[in-house]
Every structure is written in C-alpha cells, then in structure tokens.
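Both complexes shown next keep subunit A, but they swap its partner, so subunit B is in the first and subunit C is in the second.
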Partner chain A sequence: MQYLEKYEDQMVRCYYCQLCQATCPVYLEDLLETHVARSRLNLIHAAFIEGILPVTDRMKEILDRCLLCTSCTRTCPGGVALDEIFIAARHQIYQGKRRGKVRRYLTHQAMKQRGIKGLMGKLKPLADSMGLSSKDLPEPDPNPFEDRYQDVIPAKGQQRARVAYYVGCATNTLYPETAESVVRVLSRNGIEAVLPEGLVCCGLPALADGDIETAQEMIRANITALADLDVDAVVTDCTSCGMVFRTKAVSMLPDDDPLRSKAEALAEKVWEATDYINRMGLVESPGPLSQAVTYHVPCHAGLMETMAEAPRRLLKEIPQTDLVEMESPNGCCGAGGSFFTEHRDLSERIRSRKLENIKTTGTNTIITQCPSCRYYLSAADESYEVIHPLTLLNRAYEG
Partner chain B sequence: MSQLIKGEPGKRYLLMGNEAIARGALEAGVNVATGYPGTPSSEIIESLAKVSQQRRVYVEWSANEKVAIEVAAAASFSGLRSMAVMKQNGVNVASDFLLHLALSGTRGGMVLVPADDPGALSSINEGESRQFARLLEVPLLEPGDFQEAKDMTKWAFELSEELRHLVMLRSVTRLSHASGSVVLGDLPDTSGHAYFKHDGFVLDPMEGTVASAPVAYKHGLQHEKLKQVQAIFEDSPFNTYTGPESPELLIITSSICGLYCLEAIRLLNAADRVGILKLGTTWPLPPNLIEKYLTRADKVLIVEEVIPFLEENVKILTAELALKIGIKSILGKRDGLLPMENELNPDIVLGAVASLLDKKYQAVPLEYTKRATEVAFFGAPNREVTFCPGCPHRASFWSIHTALQLDARQGFVCGDIGCYTLAVLPTGYSTLKTLHSMGSGTGLASGFGQLHAFGMDQPVLSVCGDSTFFHAAMPALFNAVHHKADIIMVVLDNSGTAMTGFQPHPGRPVDASGNKVPDIDIPAVCRSLGAEVRVCDPFELEKTQETLLELMEMEEGVKVLVLRQICGLSPEKKMKKMFDMSLDQDKCLGETCGCNRLCTRIFRCPGLIWDEEKKKARFDEVICVGCGVCASICPAGAITKEKAA
Partner chain C sequence: MNALASDLGRLLSRERVRTDPEDLYAYSSDATYYFVRGNPDAVVLPENAGEVSKVVKYAAKNRIPVTPRGAGTGLSSGCTPIHGGIVIDTKRMNRIMEINRGNMTGTVECGVVLGNFQKAVERENLFYPPDPQSWEVSTLGGNVSTRAGGPRGVKYGTTPHYVLGLELVLPDGEIINTGGTCVKSSVGYDLTHLLSGAEGTLGVITRVNLRLLPLPPVHRTAVVVCETLDQAAEMVSEIIAQGTVPSKLEFITEAGIGLMNNYISPPLVSNGEAYLLIELDGTEAQVTDDARRLQHICEVMRATDVRVIKDEREAQTYWKARVNLGPMILRLFPKMVTEDVTVPRNRIPEFVRALQNISASIGMIIGIGGHAGDGNMHPTIVFPELNDDLEQRAKEGIKQIIKTGLALGGTVSGEHGIGLHKAEFTLWELGATQIALQKRIKQAFDPLGIMNPGKIWPQEVA
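Then we have the complex of A and B:
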C-alpha cells in the first residue's frame, strides 16, 4: 500500500459523474462497465483499501487494459489523478515484477543504457520474449542521434537562449532525424542546444509496468544530469517524456527525497521543443512547403494546454502549408507506448477510428510529437508519412 | 455520524443538509421522529436512528407516510416534540390526515419535513410540497443554507409549540444532499414526559378532545394562528435583505435559490444594482416586510424552482397593496423568464438577471457548450440503465416475461415504485406497462381484473416490492380479493427498502434503531385473505415460470406469487457468492448462437460480457455475484455453476 495510500483521499473524490466514460478510449471499444476509469478506481478501492475483493486474474486484466493515456485524469472534474492511481495499483499487484525475469532485466538494462547498445540492442531479445515478430516493432536506425551529435550545438547568429536537449530513447534510436531537426531548428532560431551526459530513459515504460522504484531511479538520474545545468530551459521532442518531467517526476518521488526540490524546479523548466520554439518565436522565416498536413494530438500533450496548440501555430508560419484538422484530433491512436504489443486487437480497434478520421482529411502527412503514435500510425498504412512538427519546419527551412 | 451529537457546541462542522436538519431537531429536544424512506429525505431519520439511544428519541420507519404523521401527532398530543419526515410524494399520501391535523391543532411542538425533488432526479414526478402549506393552511419555513437548515428546524419546534399548530419545514435535493458548514448549538437534557390530557373542557386545545370538529370554530382558531404567525414572520431573522437601498431590480427568493441568486449577482458584478430579499418564511408571507421592499423597487424578479408559488403569493400582495405602492412589474415564471419545470442553477438565474439588466453575459462559453454537446452526443456511447449484476429483479422479470410469452394471450404487468420500476426498460425486458404512485400497480390490476365481463381475456399481473406491499398495496389487494378480481400479484421480496438504502419495513425483524421487532410474513397475510399464495426463489427460473403458468391457468380470483431473494447489495448479502460460475468458451456458440446471443444480448446481466477478441461470451468475475441464473439461460449449456465454498 506504499504508493496507493497516498491517493486514498483522492479516490473518494470520485463522485461517479461518469465523464471519464465519454473520453476513455478503452470504454469506447469495449463498452463494458468495468473497463472505464471510474470502475477501475472502484475496484482498486475495494481490493486494496477496503480489502473486500480478491485480486484475481480478471482484476489484473482490467487494470492492465488501460493505455495510461490520461484522458480520464484530464476529464475528471474532481481532480483525481486516475493514471497515477492505476500506476500505483499496478505496483501493488506486481511489486515491480509485472514482466518475467528476463524481460525485466532486458527492459531495465535498455532503459539505463541509451542508444543502439541500450534499448535497441535489446529490442530483438525483448521482442522474442514477448512473442512478437520483428514486423511488429520499428527498425532501429543504425546511426542513432547520439552518434551524430555531441556536446553543444551552437546558435546561429545572435544567441537568444541556451537549452539542454533531452532526446527521448525512441527518437534517439528510431527517429534520429527528428532529433536532428530539433537541434537545427533551435540553432537557426538563435538557441544553443546542450546535449548533457548521463541521461537515461524518462521512466514512463517502468511506470506503465507499475515498477515505480525503477522509474524513480531513472527520474533521479535524469534530474541529476539536468538540474544543475546552466540553461534557460530543458527541451524534449517527445510529449510523453515531457509529461514525466512536468508532472510525474515530482509525484513519483517520495516526499522526503533529497532530489525533490530539484525535481520541482526542473518541472517548471521543461518544454516540448515545438512548444518552446513557438514560445520563443521564429527568428528566421521558413520557406514555402506546398502540402496539406493534419495534426494528431498525442494523449500526453493534453497535460499542458500549449503543447497541443504549438504545432498548429507554427504550421501557420510555413507558407503554402495547409493544416486540415481531422475529427477528434485529440482521440487516442491506440499505441499507448508499448501497450499495443500486448493488446493488439484492442489497439487496432482504437486505431481504426483514428485512421478513419485521418482518411477524411485527404492528406497522407500526419504531424505528431509522440514517437509511439508516429510508429503505430505509420505501421497502419505505408502511404502515411508521420513526422514531428519540427521535422516539417526544418524541411521548410532547408527547402 | 458521531459528530451529530459528539460535536462541540459553538464549533463549526461539515454537515449534510439532512444531518443539519436532524441536528436541529436534536437541539430542539425532539422525542419522536418518524418517516418513510424516500430520496432526498432518508438521511434525516437514519441520522436520528443512529443516536436514538443516547438522545432518548423514539425513531421509526413507519409503514407509510400517513401512518408516520399519525404516530408523530400522537406524541405531540401527549406533550412531546415530534417530527415526521418524507419525500414530497409522502405528503400526498399523508395529506388526508394532515388536513384534519391542521384543524385540530397540536400540543407539543410538531414539525413536518418534506424534502422536494425539483427536476425529479430521484422521483417520477415533480410535485411540490409548498402547495400543501397553502392548502393545509400551515406555516411554511424554507431554509436557504446549511446553518439555516439546523437553526430553522430548531425554531420550527418552538414556533409550533407557540402556535399549537403544525409547522412545515421544506427542504430540496440540493440542500438535503449537499454539505456545508454548520455551527452547532447546545443539546438540551433528554427529558420529556408523555401524558395525553383529554378530560378537560371538550373544546380546550390543551386539555379537551383533539379533533377537527366543530369545523367552522376550529377553522376560525386556525386562521387566528395564521395571523399570529404572520406577525412573528415580520421580524424573523431568517428573512434577509442584501443590496442597495433602492435597487434597480429586486429579487425575491427562497430556499437554495438564494445561493444561486448570490452567485449570479456576484458573477454579473451587479451588487450595486440588484437587491436580494431572501425569505425563510414563505407562507403566509409577512405583508409589511414585503411592502417595505416592494416600495423600493419597480421591477421585481421572483426566483424559485418549479411552480410559481412565491410569485403568485407576491402578486396577490402586490395587488392588495397597489393603492399604496403603485404598479409593480413582477417577473418570473408566468412571463417565461424562468422555467416552470426542472431545477434552477446559477447559470439559469444569471441568464434571467442579465437580460433584465441589459447585460451581455454568456453564462457558459459557447465553445464549451459546443464541445459538451459533441462529447455527450457523439463521443459518449449510449449507456442503458440496468439492474445490478445478479439482481433478483432481472431473474423475476425474465420469468414473468417468459411466462407471458408462453401464455400468448397478450398478458401484461402493472408496475409500481421501487428498483423494479426499471422493468419498463429493456433491462427488465420492458415488462411493465403501467407506472404510477406507490401501491397503484395492484390497484390498477384490481380494476383490469374486473374487465373480463367486457371481453378482456388478457392475463393481468401486478408487481410490488416488499416495502411497497406494506405501504399502499395492501388496501388494493383487499379490494381485489373482495371483488374477486382475476389477477396475479407478484411480490418482489428482496428483504428491505432496497432503493433508498435498506431501511427496514414491517416485514423485517429489526426496526430503524436496530431493535428486534416482530416481522410480518407477507405470504401469511395474503393467505389469510383467501388468496392463492405461492412462494418461489426467482433464481430458480424453471420453477418460477411453471408456477406463474400454473397460476395463469387457474380460475378467477386473486393469486399471489412471492418471489423471495435478498438484494445482492444488502448488508447481509454483500460480497457473498452463492455459486462459482464458469463458462466453457468451446461450448459457447458465439455469434452463431441460434438464440441471438441470448446471454449477452437479451438476458444482459452485466456480469456476463462479450469477449470481442475471442467472439465468445465470458464472465466478468469482478462483478458477477454468482447468482447462478445464467446457467439456466445458456441454450448451449456452456455456463455451469458450482456451490461456492
């Protein structure tokens, strides 16, 4: 009850208004009373606080069948941090051992060591242990971002700011060109980017497993690497990494953790790169790019209002680029980090709604800030090009 | 709620409106409290029951509201303070006695607390108890917040005692069921000695016969009391005015609407233009007080919920005062500015006030409304009202529905009030075809059951719950038996007043305070009347259906089938599984089920779900209560049950 206890007061703030039902992507597919945030909360309360329900396989199934998309948390008028409660419940159930020994070891190693020798080097054995074919997972780039750039990327022209760039694991190894776009766009707009040493995974995959202790290790390592840097901001290209730094780092650390105050200070300084660039304003005007694009808002962008609006604003700056809004741009794509590897059928059903909405826009270019959304959407249809907003901006700059 | 009596006087506590009313009664030294459960009133009696021993209060859940008020009146006649509590519908039931009580007068302080339900959130009508104050000619008090709920309850007893007249204190859902801070007062000594003095001069109100006759004389006394109370109301601290000396707009309001008005004025930033006269004493209105404020403004808005009760009474006064105060524009419901149905809220009040002040104010941002509509209509999936998993009513209606189908004479069921009311909907296979007040199902059936003389050959059934049986279905049953109506009355006995929170009734072996009491056996009552009586467990589908068909075959006369199975949510049964259920997905026919997926599409217990991935049915073990009924439903025999350990 170590972590759930903290949320006991919050749990009773649910007053069964059912608004989470309108936004939960899993409920929308399953239409089952037990598959919505409110019910999960009730089950958690009954099993762990009241102790009147046994923890059965079915209960584990229900608590695992959640993408941690945070749509319920964002909808909840009572302000219940449902996603964090689900994480704490998973911790309670699995005590950090949700996955088998081998997979735990591999994941742990992968999260600690970044780059091709870390996450992606372990991808094959991980996929094997999950019974996935390589077709189900993205192909790592043989030349990850960390091998392409090191230390400092100076600002072009007059320096307006100095930022630390936190490259997410997936961007680093799967989509290094995104990271390259980020540093080029930053530089072009007078922002110096520092690539700090000692960064590890943000910890979200561990949180999804309920492995709070491992996540704390990651969070502490990243805070240690980032907190004392002499920078104006910390930017990341991934909305999920951004969410962890912004909201989860503080709530997941123990109250008496020595790094807590640093985590709090850091939370104020972290920005998703698009959001940061938009905030700073463009120094150099981009050239024309004649195309229509649509914007898929990643779920974890929802925790900061400006995160979702920034790409829309920046796209307006690119001449001849039309943003065609899809129906429900905030709707989940079904990926949920690695959720789709374990709930294939459900994820595909969630994704099919998204694909239909994309289809009606008539464009094949989709902008999104989350590498998991990016992979999962592009895997659905080879004709789709799914890219980070700053990749598009960089193209507009470089012609 | 221990703080109800443990809280320190003078200190502030968070109390639910209903608890505040209960505390007020305790501070007044109430000795007898009665009621019949009904949302939103139930917690008042429940709170008092919990402290009945310590505070020396006799508390009972009466058989119905009329009996409740009679029991409370007896205490008043004997010099004790008493109260009767009910939801608004209960006042209808009690109204016959009430009209006589208003004439006969009371002795010990006696308070009637009706809790109204504007918007019918937990009711099937939107009736109003305020009308009754005028009809019965009794003083009406309406608390506007939680502190007033307590203070006015205490005052109501004192007022009643001063007048020797019943006093009505009306609450509404948003006061009864919301919570707010209340500064507690002192609790008196738990004294109180009962003695009914009846041998004095026959017309002496304190020593003679307590009766409504001679009517004209007693009615005259009653009108004296009303004049007396009007004078008291003129100076009541519960009538308050906030606003400028001469407001551009005067709002007259009462009850929880007072808070809506305050909020609206604050949002409009119009405190310098609008005055609010919040009345705690709304019938009879204090004329001098109203005159004082009417002279200060020409435009008056009356803010109240549902019927224009206050509006009409103010208009009468305005007409009477016209020569003195001139012509006033009294706005509210009759001109369509405010709705005559459903609850109000600050936004609705704000809209009306803004239009009168020529202010532009969008209470809810348009973008929000648009988005909310989108989510509500396009985002949120349709979700049906349903019986709980393993609810005995689902099994009962499955059997009733099946028996009527097999009988094939277009038989039908007259519905009644309880959880089983839901059987007008698909969750009860749309079995109920009439639905009115408590006990009316069997009354209607008694009427339908006479129509065979006019060629009706449809089987006539009625249902009622165990609490409803005692409340109002018994006279209808007597009528049906006496007149040989050809009906089957099905008593859905789930051992308690389930819908309102398992309050006991005369069929239960405990009373409101938990004392052991004699329980009345429903089948025995029915048998004693000469009805043909059967008792079944609704979870045994086959036996229940056979019994129903057998009863439908019988000669004319009243047949009673008691379907007895305790509610799965009752404290006695909660979390106890009767059966361990299992479902063999290899045997489940899935979409090819010849019965159109009987279990998940038609029977539809939430404990059975459709496995979208395997395209088979499965159990949702976390909510299945193990009633075992679905094992008899599956045509493929895929579902099996085993007695739980």
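Then we have the complex of A and C:
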C-alpha cells in the first residue's frame, strides 16, 4: 500500500458519472463496463482499500488492459489522477516484477543507455524472448543523435535564450533526424541548446510496469543532471517525456525525497520543443511548404493545453501549409508505448478508428510529437509520413 | 463455469456472458452506489433484439430477475440489480438505423449514445434537444426509460416529448412495436408513453423512433449575476412570465460558479450569491431580440450584471463546466445526494426560500441549483464528513424537500426517475388508489415479476 494509500482520498471522489466511457479508448472498443477507467478505479478500491475482492488473474487482466493514455484523468470532473492510481496498483500487484528477470534487466539497461541502440543488434535473441520481434519495432538508426551532436549547439544571430535539450530515448535512436530538426530550429531562432551529460530515460516504461522504484532511479538521475544547469528552460521533443517531467516526477517521488524541491522547480521549466518555440515566437520566417497535413495529438500532450495546441499555432507560420483537422484529433492511436506489442488485437482496433479519421482528411502527412504514436501510425500504412512538427518547420526553413 | 453462464453462453457467445466477480462488481450499481449495491449473477452483452428476447425467455422460464442497463449514469438506483439475476448491458446495440430528413425522425437501437446521435443529426442540420447532462455517455434507451431531461427542458421539454415509437422485448420474451414514425397516432392506449419512464420494469426497450427538429442556426449564452438567491429565483419566474423562452435557464450558486471555474475560461469573477446561466437559440434576429428583452428584464429587476458572451468558444466552456458541475462537488465533500424535485415555475421563489430554511433546520449545506427555467431544481445535500448523525439529518432533509415541493404543486422527480432511491415517496404524490392501479399494469405486463424487480414499486419482488 506504499503508493496507493496516497490516493485514497482521491479514489472516493469517483461519482460514477461514467464520463470516462466517452474517452477511454479501451472501453470504446470493448464496450464492457469492467474495462472502463471508472471500474478499474472502483476495483482497485475494492481489492486494495476495502479488501473485499481478491487479486485474481481476471483482476490483473483488467488492470493491465490500460494504455495509461491519461484520457480518463483528463476527463474526470472529480480531478482524480486515475493513471497514477493505475500505476500504483500495478506496483501493488507486481512489486516491480511485472516482467521476467531478463526483460527487466534489458529494460533497465535500455533506460540507462537512453535507447535500444545495441540491444536489438547484440541481444537480438534475448529481445525475441521478450516478445519483441523486428516486426514490432523499427530498426535503430546506426548513427543516433548523441553520436552526431555533443556539448552545445550555439544560437544563430543574437542569443535569446539558453536551453538544455533532453532528447527522448526513442528519438535519439530511432528518429535522430527529429532531434536534429529540434536543435536546428532552436539555433535558427536564437536559442542555444546545451546537451547535458548524465541523462537517462524519463522513466515512463518503468512506470507502465508499476516499477516505481526504477522510475524513481531515472527521475533522480535526470534531476541531478538537469536541475543545476544555468539554462532558461529544458526542452524535449517527446510529449511523454514532457509529461513525466511536468507531472510525474514530483508525484512519484516520496514526500521527503531530498530532490523533491528540485523536481518541483524543474517541472516548471520543462517544455515540449514545439511548445517552447511557439512560446518564444519565431525570429526567422519559414519559407513556403505547399502541402496539407493533419495533426494527431499524442495522449500525453493533453495534460497541458499549450503542449497540445502549439503545433496548430506554429503551422500557421508556414506559408502554404494547410492544417486539415481530423475528427477526434485527441483520440488515442493504440500504441501506448509498448502496449501494442502485448495487446495486438485491441491496439489495432483502436488504431483503425484513428486511421479512418486520418483518411477522411485526404492527406498522408501526419504530424505528432510522440515517437510511439509515430512508429505505430506509420507501421499501419507505408504511404503515411508521420513526422514531428519541428521537422516540418525545419523543412520549411531549409527548403 | 456455472450453469447460468454456460446456458447464457449457448444463447449468445461465451465472450458476451460475464460472470467473473470483477465483472459483476462493475455492474453492481449506478451513480447512487452509496445508496445501494447488488451484484448480478451474470452480465450479458446482446447485439440485437433477437438476442435480448432469447435471454428474457430463458430468464422467464427460470424465474430469474432481469435488469436492463444503459450507461449506468442513473441517479435513482434504477439499474442496480438488487435481486441479482441477469444484467442486460445494452451498449453494444449501438446502431443508428435511420435519420429521415423528409419525415424529421430518427430510429436508433437502444444503446446508441445520446451525444453520438445528436452529432449525427446535427450533421444533417437537424436537432434532437433532450440534454441530460450525462449526454456524452448516456444511452437513448436509458434516456427513454427514465424520461431524462436537462437544461433545454425549459423550451424543448424532455425525452418523452420526442418518442414516437418503440420496440420492446416483453417480460415473456415476445417482441412488440408500439407507436411508429408518424408524428400523430390515435390507436388504442398510448403504450409508447407508458413505456417511456417505466425504468425497465415492463420490458426491455430495444429500438426507439425519435422526432427531430430543425437545428437552430444561432446560439447565444448570457450570465446574469444576482445579489441574492431570492432575487435570482424571482428573476427566473419573471423571465418565464414575460414570455421570453430561453433554450436553457440554469440557476447556479456562488459555490457552484467557484467549482465551474475549473472549466470556465476565462474564469468568472464571482460577485453575487446566485447566477443565471442562460442560452438563447433561433435565428440571429430572434436571438438578438431575445437577448435585448432578457437584458431589460434583468436590469429592471436590478441584476448586478448581465453579460452576453460574444465568443462562442468562451460560451462553450460554461456549458462544459455545467456538465461537470455535479461530479465536481466530490472534490470538496466526501458525499452528496441530489434530488430532482420539480415545481411550477411561478413557485420557484417560494421553493428556493423553503430550501434555505430546510438547510438551516437540518444544519447541513444544501446546494441550490438546477434547471430553474422548467421548475426542475437539483437541491444537493452535501456531507462535510461521513457519519450516522449526518445520514439521519440528510434523510430528514430529503423528506422535507420532497414534501415542500409537493405542497407547492410539484412532483417528486422531474427527470431522474424513481428507481429505488425515491420509491418511498411515490405514495405521497400518487396516492394508494393510483399506485394500486399502476401495480395492476405492472402485473399485466410482467406477471412473473422478473423485470427489474423492486424498482418504482418497492413492495413487489420476484
């Protein structure tokens, strides 16, 4: 009950208004009330607080069948942090051992090394044993971002700000060109980017397994690397990393953690890169890019309105680029980090809803700020180009 | 696997019959879980009326209670399976069968979500007005079964005003069609409207034909700030009496606005005890004219402020906040009980004064608010903590609220239905003779007493 008890007061704020039925992507596919956030919450309360239900395989299945997309948290009028309660419940059930020893070791290594570089190559047989085949995950780029850039990328022209750039693990190894776009756009707009030493994964994959201790290890390492830097802001290209720094780092550390005040200060300073650029305003006007794009809002962008809105605002700055909004731009794509590798059928059904909405926009170019959404959407249809908004902006600059 | 599960599994499919304790718990109540819970023995997920019929026939043969369920948003324990048995979850029967522009009607399966239906008809420039505040998730079958309504009741009435016909699975499993898609009909007893609001005690509604209206092109929202609750209540009566009919006319207290400011953007600076949140709809000319008249009435009655919101996006944040207001109360208090007593509109000022007196007499806060424009108030008793003394005082408060409403010529329930939560009060409103008659109707439909037993008429049990 180490972590769950913290949420006891919140749990009873559930009014059974059922509004999470409107947004929970798992419920919308399964149409079984047990599989909606409200029921998960009430079952957790019944099992762990009241002790009136045992923890069965069915209970685990219900609690595992959740993408941690945060749709419910954003919907809940009672302000219940449902996703954090689900994480705490997974901790309660699995005590950090939701995965087998081998997978835990590999995940831990990958988190510390900021990506799956090497692992997929050197440890391919083990990766297979994790149930991750090459079909599930893209090939890592042989030349990750951290090998391309080090130290400081100076601002062009007059320097307006100095930021630390926290490159997301997946971006670093799978989509290094996104990271390049980020630093180029920053530089072009008078923002110096520092690439700090000692960064590790944001910790979200561990949180998804309820492994709060490992997540704390990551959070502490990142705070140590970032908190004392002389920078105006910390920017990241990934909305999930942004969400962790903004909201989870503080809530997942113990109340008496020595790094807590630093975590709180850092939370205020972290911005998704598109959000930050939009906030700072463009110094240099981009050139025209004659195309239509649609915007898939990553689930974890939703926790901060400006993070979700920034790409829309920024696209207006690119001449001849039309944003064609899809129906339900905030709807989940089904990826959920690595959720889709374990719930193939469910994830594909969630994705097909998204693909229908994309299709009616008539464009094949999708912008999104989450590498997991990006991979999962592009894997559905080779004709789709799924890119980060700053990659689009960088193209508009470089022609 | 138990016998019930395997029998039902043969009728539907194994995946659509649930008997695990976790699933039964998830279906054990509606939004009045604090009042009563009851685990069913099985939950079934039929996909059409034929499957519902099979399940009901099986239940009749084996004398098993059947409780139909929509989204489970009810506020009267209407779908709580207090006698166990089979819960029929209707949410997979979610096809919109037809939207007929030429006849201005729509036909839907019972599990269609209200909000989805509204979006679909609005794409055709049509309008389905009933708007219970759970519209984003509540089902049309549930809406019909509880005669659900919402803010638009003041101008457009509630769900039954739009129901033209129904398909019903009777308690013996036979299927009947009542009414039709004609806007008028005068054949026999009006079973369509007997079944609307029957809360699943007379059968399972599986399909609904609904009347539609043309979509009003313009909507405008206004906020009126009042110094006192009494002044706001007088204003509601006066607005109605003067013949200005807003599409929504909500009464909200200062505390309510405080909560709603979690959604209202930019937040409303509160400077009065009560607020009227008003929406006008129609053509631009009508709306402009109504707004002017409304402003005049409120100013004559010395409103502190009347603000017509020009920005439609800002206006939407007020209505989004209104949807979330009820559940948000639990951010401040561990428990609340909401009533839906409705009084004639000219008696609103007296009712509001009486509610303040009841609040003082039981020593608990009663949130005063609701769809005042149609006389439907939602007095909400809030619990600062949970204890037996407060439970007793709240119970006494509810009784007084209902007695007061009835004495003013009102009704126990305007839009939530009776279920279990209000069953003890039906006698006060209907009297013994009428209740006996209504029970004979129930007996005629459901001689075995298997359909949602114990609801509305608490005495009869399967």
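The rule is simple: the second predicted complex is superposed on the first by the 385 of 399 C-alpha atoms of A that agree within 3 Å, B and C clash if a C-alpha of one lies under 4 Å from a C-alpha of the other, contacts with A are read in each partner's own complex, and residues count from 1 in each chain.
To be clear about the criterion, contacts are C-beta pairs under 8 Å (C-beta built on N, C-alpha and C of every residue); 3 or more make two chains touch, one makes a residue touch a chain.
The shown structure was predicted, so the numbers you read here are calculated from the model rather than taken from an experiment.
A.B. asks: Under the superposition described at the top, does placing subunit B and subunit C together on subunit A give a clash or a fit?
C.D. replies: Overlaying the two complexes on subunit A (C-alpha atoms) leaves subunit C and subunit B clashing.
A.B. asks: Just checking: does A:Ile277 make contact with subunit B only, subunit C only, both, or neither of them? Give me first, second, both or neither.
C.D. replies: neither
A.B. asks: Name the contact category of A:Tyr15: first (subunit B only), second (subunit C only), both, or neither.
C.D. replies: Once the two structures are laid over each other on A, A:Tyr15 reaches subunit C alone.
A.B. asks: Based on the superposed arrangement, let me know which partner A:Asp345 touches: subunit B (first), subunit C (second), both, or neither?
C.D. replies: After superposition on chain A, A:Asp345 lies in contact with subunit B alone.
A.B. asks: Could you tell me if A:Ala193 is touching subunit B, subunit C, both of them or neither one (first, second, both, neither)?
C.D. replies: In the superposed model, A:Ala193 contacts neither subunit B nor subunit C.
A.B. asks: Using the superposition on chain A described above, determine whether A:Cys370 touches subunit B (first), subunit C (second), both, or neither.
C.D. replies: neither
A.B. asks: Once chain A of both complexes is superposed, is A:Gly78 in touch with subunit B (first), subunit C (second), both, or neither?
C.D. replies: In the superposed model, A:Gly78 contacts subunit C only, not subunit B.
A.B. asks: Is A:Leu28 touching the first partner subunit B, the second partner subunit C, both, or neither of them?
C.D. replies: Only subunit B is touched by A:Leu28; subunit C is not.
A.B. asks: For the combined three-chain arrangement, which segment of subunit C clashes with subunit B: 21-29, 183-191, 255-263 or 327-335?
C.D. replies: 21-29
A.B. asks: Report, in rising order, the residues of subunit A that make contact with subunit B in one complex and with subunit C in the other.
C.D. replies: Common interface on subunit A, subunit B vs subunit C: 18, 21-22, 31-34, 43, 53, 56, 58-59, 62.
A.B. asks: Residue numbers of subunit A touching subunit B in their complex, please.
C.D. replies: Residues in contact with subunit B: 18, 21-23, 27-34, 43, 52-53, 56, 58-59, 62, 328, 345-346, 349.
A.B. asks: Which stretch or stretches of subunit C touch subunit A in the complex?
C.D. replies: Touching subunit A: residues 18, 20-23, 25-27, 29-31, 33, 45, 71-73, 89, 91-92, 94, 113, 115, 134, 136-138, 262, 323-331, 334 of subunit C.
A.B. asks: Which of the residues in subunit A come into contact with subunit C in the complex?
C.D. replies: By the definition above, subunit A touches subunit C via 12-19, 21-22, 31-34, 39, 42-43, 46, 53, 56, 58-59, 62, 76-79.
A.B. asks: How about subunit B: which of its residues touch subunit A in the complex?
C.D. replies: 375-376, 379-381, 383, 575, 606, 609, 612-613, 619-623
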